[in-house]
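Consider the two complexes below, in which chain A is the common component and chain B and chain C are the respective partners.
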Partner chain A sequence: MSVWIFSDAFLITLFSFITVAISLNLEAGFTGIPNFGKHVFVFVGAFAAQGIGVRIAAWIYEKVEPQAAQQALEHLRSMVPGATWKSLVGAAADVDANRIVVNNYLRPFFVSHVGLEALLVVLLLVVTVALALFFGLIASYAALRLKEDYLAILLLSFAELMVMVLFYQSQSLNGGNQGLWAITFTSDPVKFALIGSGALAFISYLYAERLANSPMGRAMRAVRDDDVAASVFGRDIAVIRLKVILVSSVLAGLAGFFFIQNAALSTSMTFNRVIWTFLPWAMIILGGMANNLGAVVGAIVFLIGKRLFEYYQIPISNALHLGSSIVSALLPNIFIGIFIIVILYALPQGILPEKPSKTVKFEEILESEQGEEA
Partner chain B sequence: MDYILEAHDLVKKFGELRALDGVTIRVPRGMVTLLIGPNGSGKTTFINTVSGVYKPDAGRVIFDGEDITDLPPHERFRKGLVRSFQVPRLFTGLTVLENTAFARYGNPGEGVISGILKKIWLGFETQTVRKAVRLISFTKLRHLWDKRPGELSGGQMKLLEVSRVMMPDQPKLVLMDEPTSGVFPSLAHEIFRYIRRLREEYGMTFLIVEHRLDIAVEYADYAYAMAYGKVVAEGKPREVLENPKVIESYLGG
Partner chain C sequence: MSILPSLPYTLDALAYASAIGLLSMGLSLTYATTKVPNFAQASIAMFGAVTLLLLIDRYYYYHPGWSVFLAGVVLGGLVTGAVAWLVYVTVLKPLADRGNTVIGLMIATFALDIIFVNVLTAYLDEAHGVHIPKLIGASITSFEPRLHIGDYIVYGYTIALPITAVVLTVIFHLFLTRTKFGVAMRATIENPDLASVLGVNVNLVYMVSWFLSGFLAGAAGALMAYTLKGVDPSAAELIIVTVFAGSIVGGLESVYWGLIGGFIVGLAEKLGMTLLNNFYRDYFVLKWHAPNVSLLNYEKFMSLGLVVVMLLYAPRGLAGIDWGAVARRLGLRRGGGGR
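After this line comes the complex of A and B, so read on.
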């Protein structure tokens, strides 16, 4: 049992979803920003390790070891006539050439140059943050102007346009429909992904908990409950939404960066709306909106449940005499759907309900402040 | 006379209806001014237009000598204009204490970075919560401090609106839309006495929409009466109440 439930791949997925669920909860649960385009913000981190990461890595390789790079290029030209470094890592017309570049040349080079590797990691984390902020700004531009319903649709459309059209159709950005190998780190990238995504999930939780129990947490919930009343009491709604979107985008982007370390070859479609938007939504609804621990619990319960269904899919399918029909193949999704409906009926607040923002020790102040009974 | 608020010829239309039909109201500084009128006469629309919730179709709003007609609500608040709502607009997920504490603006902890640095905001926040506790003690909501608005009665919700509007630091003008409706008479008197005390001790200015004229008239310095989107009388509160036009508007409305 432990073998398949707690495999590294499962844990990396779990940690990544915990971070994304926490980040979405800051927006949707606490601030009432219906971000239905979450997937593009996760994809941003993958893009930093793929389309951008490989380019930067190749550039460094060429600068540091021009001769080796030249030899590598000649070898590659036997596969892809007329190839240049640029065409091999960027507009990867040939995913095999791209694999060889990344796995046979770039990775071994960085693994043997630990200093440069550390530099590249830091650089790409900075790129992830910068890209996340940029995409967050684009999303905020709409968020500050639209009503909630329109905003949800707009963010979904924006994300779909990016993930399904721009990055999927254009070969030169991220390998298009063939995908691209990510630049991965250390001689054990899975361990790197595990530690990175785990640390990120942990830090995200601590951060979100502190924020929720600060005056900012209270302000976010006020904006969510009644934006007119919040602005009548002096709050610039646009600024509060902007801040939350930016910080949430950064968390989601970093989650994507570590996740892709364990899914090195992928297209932008890996970050599709079902997996990286609808699932996180289901997780926070299940766990409890505006409750950080709820987001964590939601992610854990959901992923373990999904995993169990997938594992027992065949026995269940057989027991129900479904044979190999399409229903059988869709069984996990059907169970997820039923599960969500049951939870929404049984626990409309989610597993863990919202709590007040515990900024200071209220009881102590109530004790000491007798108040003026007029 | 020194006026904190001057609304000139305000017009606000809802389709064909002119909810404000050229309203000019001046609120004298340091006084308690009443705004009365029958149902649907445009009092709430006036408050909404002055506080920036609605944009007027015509007319100007001058606050403390400055034209604020085109400012959003939060900038008006920051200039010292505070208001309460006739139909409470409370934050449904926040407790009574949180609703009240939120109404104090300027907390240095309202940022995504400063929020997690407790040192930065602990002092301000402690003061805020203390003040909020004092206010909800006054409005008799102290024992409900950790309840959410959904658990309150209608009268208690109004009292929470009152607590909230008393929370901001040194407002220049407080607009209250029927602060005592649904509140039992003895507490209604207490609220007006408190308003009076704030006026006397701190020179605060109030514009109060009120239907309970029997109570309110004792505490006000000046009054305006509206009917059908127009001002029909102004002057000393008792005189306005006895004005035939005002009496007629109440009977007709």
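After this line comes the complex of A and C, so read on.
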């Protein structure tokens, strides 16, 4: 019982969700942008480590050690006739071959070349940020022009089409419905993912706290509460929305990048709308919208509750006389759905309601003005 | 190879478009009255599909005549209408009374979508059919009457769905224009406060609009089950994208334009994408050796494309376009107001 709460896999999931919840809170809680397509922004990080990362890694491997790469290719041809490096890392015709390429050749190569590995990590983080910025620009283009309900519909549609249609149907982008193995780093990839996601969660919390108590944070709330009034007082609504969406997209993308380090083989369906859009929404509603600590608390409470539920899933489904294993696998989703409706009814403000933002004390302002006069 | 799709495919596309039209119409109806975009519209429609599956399993297994469509539309519509009514009364109304914003209500329908998909999947997985052993993912395509016209086999649902759409729209129109309650409903859509001052029971209007929306969704969902490969509630996850696209193209607040918008989007997805795919295959793949991918896998992008074009050029949808001005500009009609 006490073991799984502090297991690496659980902590990585928790840190990733804390980051995503904080970034969603910046958009939805503080600025009033209902991002119902959060899952695609998390997915871009995974895509950077899978579809793009493995390709870049294989390219570097081929350039640095052409002979070893050639030998590896000949060995792999016994498994997949007529294989080339391009076919092995790109369109995953064979998931097993893809696993061997990533885990038996690319990973040991990068573990033994620390400099190249560090370069690759930095490169892929840059790719993640660039992809997140690109998707964020698309989203902000819509967000600057549409009402909140139109925007929610459009972002959900966009994300669903990306994750469920484009990346799931097309074999050549990210392995399609078979999935791809992500390139993982260091000799202990789990620890890498743990440290990375933990540091990211910590940094995003500090950043979000600073942002919320800055003039920018107050401007964000003004845009949320009354955008006309905010623009009358000289705030550029478009710039504020754009900045918030770009920052949140980058945070979500980085969270996805570190999360996939532990998940390894996955398809784009891993980032479905129930897990990576609805759950973060549930977390910030439970914790309290427009409250960073609330997002963290919501994520912790929600994930521990979900794990406890999954832990006692079999006794629960036995008590309800549910026979098949499929049904008991569906139960958590049903209960999460019911739970969030109950929360919306019983605790519309969440556990930690929104607080007035911290401003400089009036006495301090007076003192500084007196100091200037003197 | 010909670029034009075959007759059965065209009829199938028309049937699909009619179903999407009905779903978008229901979505626009509840949006126009209660201002909630219902993210659960497609999964609510799955109640209709499950009802039809159970009907076939119990009563129409050996002799599926034309009455199977009537039974599916009426019973599926009633069951789904009841579900939608319950959704409004037990979830959305209390939440709105507690002061939740539109975002909170959207999240609630999102939660309902997840609940419905999972509950229906669990039910189909647990329940045992009388004749069909495995209900989940069961294909019902063979349980319907068929016509033989020339060399083609015309599937019954491709005729039944457009007829259902037309009949339900006519009934709905008569309800809105010829009954006192329908007039009250239109008044409530226009101005709820004024309507309630004049003695209209606004809450009853909202409940009825949710029931009607559910009825339209259930009727469409029941017959739409024939176009799916198997009855699987998780199909709703992608159908909702098309339904929303249809509503937005129609203008989101106009019921009739919602029907037309859904029909256009459905046609664009099926027929439009097939034409595009055949064109791509014949000209780009065969002549210029472009990568041989089937664009049909990406048919959903057609709906998103239509929505983007619509929001760019006519943000208020088809309903917001001044059709008189369009006709004048095209030279179809002279004079009139404006210049």
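We adopt the following convention: the second predicted complex is superposed on the first by the 350 of 374 C-alpha atoms of A that agree within 3 Å, B and C clash if a C-alpha of one lies under 4 Å from a C-alpha of the other, contacts with A are read in each partner's own complex, and residues count from 1 in each chain.
As a working rule, a residue touches a chain if its C-beta (ideal position, glycine included) is under 8 Å from a C-beta of that chain, and two chains touch if they have at least 3 such contacts.
Quantities reported herein were computed from a predicted structural model and do not represent experimental measurements.
Trainee: Which partner does A:160 contact after superposing on A: first (chain B), second (chain C), both, neither?
Mentor: second
Trainee: Have a look at where A:106 lands relative to chain B and chain C in the superposition and call it first, second, both or neither.
Mentor: Neither: A:106 stays clear of chain B and chain C.
Trainee: For A:326, decide between first (touching chain B), second (touching chain C), both and neither.
Mentor: Touch partner of A:326: chain C, not chain B.
Trainee: Tell me which partner A:151 touches in the superposition: chain B (first), chain C (second), both or neither.
Mentor: neither
Trainee: Once the shared chain is lined up, is A:169 touching chain B (first), chain C (second), both, or neither of them?
Mentor: second
Trainee: With both complexes overlaid on chain A, does A:336 touch chain B (first), chain C (second), both or neither?
Mentor: second
Trainee: From the superposed pair, tell me which chain A residues show up as contacts to chain B and also as contacts to chain C.
Mentor: Overlap of chain B and chain C footprints on chain A: empty.
Trainee: Which part of chain A faces chain C closely enough to touch in the complex?
Mentor: Residues in contact with chain C: 28, 32, 34, 36, 142, 145-146, 148-150, 152-154, 156-158, 160-161, 164-166, 169-170, 273-274, 278, 281-282, 285, 322-324, 326-327, 330-331, 333-334, 336-338, 340-341, 344-345, 348.
Trainee: Tell me, which parts of chain B touch chain A in their complex?
Mentor: 51-53, 72-74, 77-78, 82-83, 85, 89-95, 97-98, 101-103, 105-107, 109-112, 114-116, 118, 121-122, 125-126, 129-130, 133-134, 136-138, 142, 145-146, 164, 168, 190, 193-194
Trainee: Help me check something: in the complex, which residues belonging to chain C touch chain A?
Mentor: Listed in rising order, the residues are 35, 37, 39, 91, 94-95, 98-100, 102-104, 106-108, 110-112, 114-115, 118-119, 121-122, 125-126, 237-238, 241, 244-245, 248, 252, 293, 297-298, 300-301, 303-304, 307, 311, 315.
Trainee: How about chain A: which of its residues touch chain B in the complex?
Mentor: Of all residues in chain A, those touching chain B are 207, 210-211, 214-219, 221-222, 224-226, 228-237, 240, 243-244, 246-247, 290, 354, 356-357, 359-360, 362, 365-366, 369-374.
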